[in-house]
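By written order: A, B and C. Residues from 1 in each chain.
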Amino acid sequence: MTPILQVENLGKHFQMHHLGQRLHAFEGISFALHAGEFLLLRGPNGVGKSTLLRTLYRSYLPRAGHIWYHTSEGRIDLAVAADVDIALLRRREIGFVTQFLIARPRVAAEDIVAEPLRRAGIPAVDAIEESRRWLAEFGVKRDLWRAYPTTFSGGEQQKVNLARALILPQRLLLLDEPTASLDAGARAALIRRLADLKAAGVAMIGVFHHPGDVAGMIDREIELIAQEEPADVAV
Amino acid sequence: MTLATLTKPWAAFSYGFLDASAKREMRRKMLKAIAVPGCQMPYASREVPMARGWGTGGLQVTLTLLKPSSSVKVIDQGADDSVNAASIRSFLSKVSGAAETWDTQAATLIQSRHRIPEERLRADQVLVLQVPNPEPLRPVEPNMSVARQMHADADYGRLWLILYEQMVRSGRIMEGAAYPALVNRRHVMTPSPIPRWDVPKLHMAEHLTFLSAGREKRLYAVPPFTQVEPLVFSDVPYQVEDHGALRCHRSGVTGYYMNEIPQDNGGSVFELSDSNLGIKAIRRAEGAQVEIGPTWYENGKMPQ
Amino acid sequence: MTAALALLAPHLMTTPPLLTLQGVSRRYGDVVALEDVSAAVYPGEVLGIVGESGSGKSTLLRMMNLEDTPDAGDYRLALPDLPGNLFVLDRFARRMLCATRIGIVYQNPHLGLLMKHTSSGNVAERLLIAGERSFAALRGRARDALEASEFPLNRMDARPFELSGGMQQRVQLAKAIALEPALLLLDEPTTGLDVSVQALVLDTLKRLQRDRAITMVIVSHDLGVIRTMADRVIVMRRGRVVEQGLADQIFQDPQHDYTQQLVHAKL
């Protein structure tokens, strides 16, 4: 079976022009991920787990290697794919769940959650209905649905964020500590949703502060090791 | 050196007052104006023995068209006997030998301020309208260079905008005289300050109309059988003044454009604005053999 | 120094770009306003253009609105009746194209609005240029466009000079979208507004973008505005494109020295 994702020798560093410095992140990362698999990234703080997720999502530009992603139309190297292709995949196939909500002022919680559905062309009424279902599932109080999340507490914002990130089934989900700052009920809802998605064949790569939360789902783990910056990184 | 050596020997004025080169320029501009209906042509606008604003533009066109066999009628607000009309008419006949007339039927050349006669003009007649402000875009564009570009681009959005806002404010279009009209489906013109009543007379008319502004140095024309369509919204019909049912208190005639004459008792009576039509109607009622030509309006309505 | 990996041409995105600019250069005397600028905007996308004052970003937007002709360059819109380089169109064709297919909102409302005409009239003028001659339709369509711009309808016949800055921008926006243009250009649309008003106007723009999938190009020196609105970002400096990328990448992992300064200065 063809993997969904094949990462080969992926490397990332940051060139800080104003400091005249290069900040090393990771290099030589290789792994494969199949549909329905759950991959856990482990390692001490600062080792580059989140950086790797963001590099896979192309919020960070890789410096070396390949990220082969298999679509229905053949494979594409996310490391060098055109920006518009990445944008297309993000709308349709690749999701990213962080603990930070980018809320816009004066947009109601239910509208924020419904947005991925709207973008996918689902009519407003159906999208809002589905959005409310997920807000309820994650335990956002009904009277907050029409309120603006900018005023919510961190925990409530996080629930809105999760509902939005998980409302549209994807093929590949990148999870960056989604359970941080969640209460027990929301955490349980999240785990249920992730398990459902996994069963439906969604591949996942996750970073968890408390991996115990998702212990039952983990298929494989990758341990990132802090590296000294090599003397010569020819890319 | 005597004064005589510095001056030209005495000679008569040129025929029709204007010198040959002035008339040649007028003819060229008038031909151009006919060639591009409704488009304003600039001209030099010579001095004439009359102040700017009293019909000098119309006068220059009339002087250029005059010949000894012409029969000239001059009206001011429909009247042949106003001081200004009478002065211009006698000046025209003096410098050309042309005949003077009050009768619309008999005239070959009609110079007018603010009215078009009620009797239909024929293909052998020419109407010259005096225009104070020839630029329909002036209310929306004070810069005349820009306005000319807008004409070139047929950019009349803002002119329509004024009509839109009159509808919004008043529920009807408030342009009284000088209602802007699209000529030959291309240029918007100001049909001189004629009442709305008179604008439809220009549409597909048999006669040639010149419109000329002496102070602004612009002339334009509506050639025979040219479309002249007042700017109107498709769902707000063009309306002429509500004069169709009014009755002239002197001639008893109804169905034409009237002047309102306030009375001491606070009321008012009406009389025909086209004074020659009134005179002919009264004479005919008195038993005289008077020919009144067919009129544009019939029973107070413009036939479609 | 190692360069970032060079990106490939679009592969999955099979729809051609709505807007394509290629090799656009413009000098004003000795001043280089634009130097070999190329850009593509795909249907439904929001492209942000950032850069400091004088970087050429507004000049580029004016080129897209055909207000100026470059010394060199090619500009195409993938619309059925518009083949070829738009820079060669004559003034009349440009005016009709801009009036009917391209909407623009300027920072300065005096550039976009007739201040002494009514707000609804400003919107209706666009429709009139496009040939709408029914008063009822003009009124209704102007009302719809103003409503979509979240302009208070009880003030639809107020004149822009009587309105606040935020309301003026909404009138500009209504005018810009009245004919459902293929392309909406926004030149610093919220600069100079109070922060709270700015947020409301941005929200309206975002909502319109989502509901109507309008293709937009937004120019701003305010990175917050670009971050809120744009899918992709072009960074300009001294008339050149120094970097372009996905919005989150430009803000989280800027590559060019200048972009790093810009991002760090603003965050």
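In this text, a residue touches a chain if its C-beta (ideal position, glycine included) is under 8 Å from a C-beta of that chain, and two chains touch if they have at least 3 such contacts.
Quick caveat: nothing in here was measured; it's all calculated off a predicted structure.
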item: Pair of chains joined by more contacts [C-beta pairs], B-C or A-C; value: A-C
item: Most central chain, judged by mean C-alpha position against the global CA mean; value: C
item: Remotest chain, chain A as reference, centres from CA atoms; value: B
item: Geometric centre distance via CA averages, chain B-chain A, whole Å; value: 78
item: Mean-CA-position distance for chain C and chain A (Å); value: 31
item: Centroid distance [mean C-alpha coordinates] between chain C and chain B, Å; value: 49
item: Chain C-touching residues of chain A, taken from the complex the two chains share; value: 14-18, 54, 58-64, 71, 73, 76-77, 79-89, 104-107, 115, 118-119, 233-235
item: Footprint of chain B on chain C - complex, ascending; value: 91-92, 95, 99, 114, 117-118, 120-121, 124-126, 128-129, 133-139, 157
item: Residues of chain B defined as touching chain C within the complex; value: 152-153, 155-158, 160-161, 164-165, 167-169, 233-236
item: List of chain C residues in touch with chain A within their complex; value: 1-13, 42, 45, 199-200, 202-203, 206, 210, 228, 231-232, 244-246, 248-249, 252-253, 255-257, 260-261, 264
